[in-house]
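Each in structure tokens, the structures are laid out below.
Each of the next two complexes has chain A plus one more chain, namely chain B in the first and chain C in the second.
For the complex of A and B:
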């Protein structure tokens, strides 16, 4: 994509901007549709209707909310550290958006085909931790600081099982590049990593249960990394009055919301790339059968978005199923259950992939 | 032996963790397809109960100005003033056949005070004050809660007062004339006048 635009326009900066605008537009769409769906899904799970009065079935609700947020006064209390306070929402969105650089939306639309794709994403998501602590500290509010500290403790802890599961996939596929990982799971759904990868034979069937375990572990831990229920104690409304962004309002608050939904999509995309073939179709392409090869990248983008949205919906489903975990339970789940299982899983997958 | 039990408990916890989440997810998924219980209030309304108590209404055609509702009111929110009619004025008949004898110049209910106890409804001899099914009448100004039910305009009620005074004055004059004819003692006449 970048190469094509570079050939077309001859300007590296312009083509880089155009390529980067695709994930940005995607993030904005995810926020608009995600917030609407979140409300609707939660409402229908609780036998309610959700927003109904703005537009058809409340479909313009988010636009109304956005206008409201834009109109709000930008308040910051007297004792805040102004510089950090203003920097934190920008940084949190930057970190969330930077993760999209190496996510392949289709075989033709990858921001950067860096060889260290997944490693880069794990590294860049560390910036989120810094900006959350920044937000909590600079607000000069005990609830914010408590929320920020809990959030940091949680995100750092849950990065370990995530990284361990990612490591097991990396051992199996032998690459860190997300584009190559997706390419390896091509053709049909039985080549997906959750069903043992592209190889065929005895090891493939041996791998399946361990892949499922790995998928469950990474799903739980990424749920915690995006601060969503049942791991939403950093921003628990009823206990910490929204945690680290208590003092934020207006557009700065909207930036946190934006990055939360951006993170949700990024995490779902990574899971779908690692285990469910990324942008690969589960049963061949129409472009191939119709002999119209230009269609394939579009189909791939469709499959990629579909898979990611399914995981986002499951995240919402879980959010409205489970109650919030207590802080000690949160740490127990991570250190006593997920990490031992992830290490065991890593070792077993390593042995099987050597076979 | 000890470690074996701990291990068993650990595996059991893991299994329970996954299993209970799945059970919960099954329940929420089922509820996704249960029709919502929400009633979209301003568009769809529940049927109110038969004996609901909401805003009062006074049918002034039937009101005889007997003041019984006002006296029954525990919070004194009903304000009634009446003027006697003079002979020759036809005030009409109430729906249950009673002849009206009083002009109701003021009939004001202050709904900011009203406690919706319905005690004013039962004493009414003509059943002209009753509860309606209107319960949405919030206002920005407290003075807007003063509901004036009297059908007479201010000029009309002033006119009625003047009419009555005139009539009473005439009557007094007639009485005085009648009294002076039989040549009563002057002292008693003066006393009566002062009364």
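For the complex of A and C:
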């Protein structure tokens, strides 16, 4: 993308700045749309209207909320560890934001075409654990502490099945770069990894069931990693008030919310890259058939956003349907079911891709 | 080397999202494991019993509304029956029928809140709002008749404050027809949800003998597997004229007496209440609902105890009369207060998350616990 902008503007600083600010703008848009959708989706699922007063169908509600949060006095209780307390929300947002660097929105729209894209994302999302522990510990509140302990245990556990499934895709595609992974699933939807990838013949059909299993495993574990219901026990409202961010208010609280929605989009994007062709259209491009090649990146961005938002909507759907699991049941799901199946799946996909 | 460990004290409440009011639970926890629970009561104490001594008999009725504020009509009902027993008066047939229908509507409304908040405590927020949506129908039926949505002051000593609205019969029938499929929806959405069952089955098991020893009543007792319902076992008003079942805990998803059983008893009780309403609604005789209301209530010296099956259990009033217009003493046997005592037994050795599930399944109303 840098090269594209550099060719367009001829200014290195300007294009670098645009490239760098692109993910940030995207995170903010994701949060604005995500929170609004969350409210509206939940409202319509629950037979109510949701926000209706601010703007058309409540569309300005989030702006009102942000103004409110910005105006809030920054309160922290007497015994908090101020340094860690203030650092935690910044760090958690940084981690969520940094993950966007390697996500390819289209073939031309990538922050950084890193060769180790997916590995980088898994690594960077580990920082979230540290900041959650910081937030929970520094607040000097028992609910925060319990919430942080639960959250850390949960996120660390669920990173394993996520990583195992990612590994199986890496074995299949032979690359760690998200851009290359997307490129390989080009042309038509039967080339998507969920349908066995871009290969030919018998092995492709053999792969399909294991790909579906892999998709289910990674979807469940990313739900847990983003603390969404049924795995939202770290912030289990009815038990731990608000979990690790109980003591936060104002903009610091908003940072946690921003990173939550940012993470939601990031994991949805990763799932769509790993299994559903990333930015690839399910059936060719209008740009090709109309002989207007400049259209293709925009079409790709459209498909990419569409796929990601579908996964976000499914997350919301699940959230407003299911109760939450208990902390020990959560661990049972992960260690007794997801990890063994993920390992088995990894081995089988490895063997098939060797065939 | 042996490490010295220390258990942590966690104050759950009085301001907490899932204590259903201002209950404070002092949890002694080790990590997530609950070692001991001490409930601290009294944040909502309003001296009801003392207040009643300074009031005339009929003036006490609005205060009874505020005991179990989710089942106000049941409280009115119990008080009215007790004073009527003291006075030795009989109320007209029409009054009896309307009282029963209202009490059963109120029972459904109350169970809706109980089930909804039990689910909401476990993270299922949507069933909660579905139940509140349906509760709205009941509230508007009652509102049409007596003008209030929560504290009705409807059942008076010897009669009712208002005759029912002309639309009452039609709307109640409509509600019964509307609500039957909604119970099925609730079952599909929450009762048989795998995660909900995981969270509630085999959790907080209340054995029958413990329940009886603690004096538990209502769904909390029936969940432990006994068919004990005052409407059947000590019939008051005209409950002996209707045909209905008494749901009880059978351990369908786990052990008899677990949280799921207590939850499920309430779901099935809503069905039975609909059944009672269906039978009663067609039989309401004509008459004047105020004809038997005494002008001046001055019962003879003596005592009376009467109990009714409130949504939360056995609600009993014990009234001592010294022959004046004011009661000498009113004692309330509040089901929530008695049921709350089993909480400590149930929570020991469970996780913090289970405390919420257990508390939700016992279904207390703090207005009644503290009185």
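By definition in this document, the second predicted complex is superposed on the first by the 345 of 355 C-alpha atoms of A that agree within 3 Å, B and C clash if a C-alpha of one lies under 4 Å from a C-alpha of the other, contacts with A are read in each partner's own complex, and residues count from 1 in each chain.
Everything below uses one rule, namely that a residue touches a chain if its C-beta (ideal position, glycine included) is under 8 Å from a C-beta of that chain, and two chains touch if they have at least 3 such contacts.
Just so we're clear, the structure is a prediction, and the values are computed from it rather than from any experiment.
Visitor: Check whether A:8 is in contact with chain B, with chain C, with both or with neither, and answer first, second, both or neither.
Guide: neither
Visitor: Quick one: is A:216 in contact with chain B, with chain C, with both, or with neither? Answer first, second, both or neither.
Guide: Touch partner of A:216: chain B, not chain C.
Visitor: In this superposed model, does chain C or chain B come into contact with more residues of chain A?
Guide: The partner that reaches more residues of chain A in the superposed model: C.
Visitor: Return first, second, both or neither, reflecting whether A:229 touches chain B, chain C, both chains, or no partner chain.
Guide: second
Visitor: Would you check which partner chain A:45 touches, where first means chain B only, second means chain C only, and both and neither mean what they say?
Guide: So A:45 meets both chain B and chain C here.
Visitor: Using the touch definition from the top, say if A:28 reaches chain B (first), chain C (second), both or neither.
Guide: After superposition on chain A, A:28 lies in contact with neither partner.
Visitor: Could you say whether A:351 touches chain B, chain C, both of them, or neither, answering first, second, both or neither?
Guide: Once the two structures are laid over each other on A, A:351 reaches no partner at all.
Visitor: Between chain B (first) and chain C (second), which, if any, makes contact with A:142: first, second, both or neither?
Guide: In the superposition, A:142 contacts chain C only.
Visitor: Using the superposition on chain A described above, determine whether A:327 touches chain B (first), chain C (second), both, or neither.
Guide: second
Visitor: Taking the superposition as given, does A:63 touch the first partner, chain B, the second, chain C, both, or neither?
Guide: Touch partners of A:63: none, neither chain B nor chain C.
Visitor: Just to be sure I follow: which residues of chain A are touched by chain B in one complex and then by chain C in the other one?
Guide: Chain A residues touching both partners: 45-48, 320-322.
Visitor: Report the residues of chain C in contact with chain A in the complex, numbered from low to high.
Guide: 8, 10, 16-18, 31-32, 119-126, 129-130, 133, 189-190, 193, 195-196, 198-199, 351-356
Visitor: Enumerate the contact residues on chain B facing chain A in the complex.
Guide: Listed in rising order, the residues of chain B that touch chain A are 13-14, 17-18, 21, 24-25, 27-29, 31-32, 34-38, 40.
Visitor: For chain A, which residues count as touching chain C in their complex?
Guide: Residues in contact with chain C: 42, 45-48, 142-143, 146, 149-150, 229-230, 232-233, 236-241, 320-329.
Visitor: Which part of chain A faces chain B closely enough to touch in the complex?
Guide: 41, 43-49, 52, 216, 317-318, 320-322, 333, 337, 341
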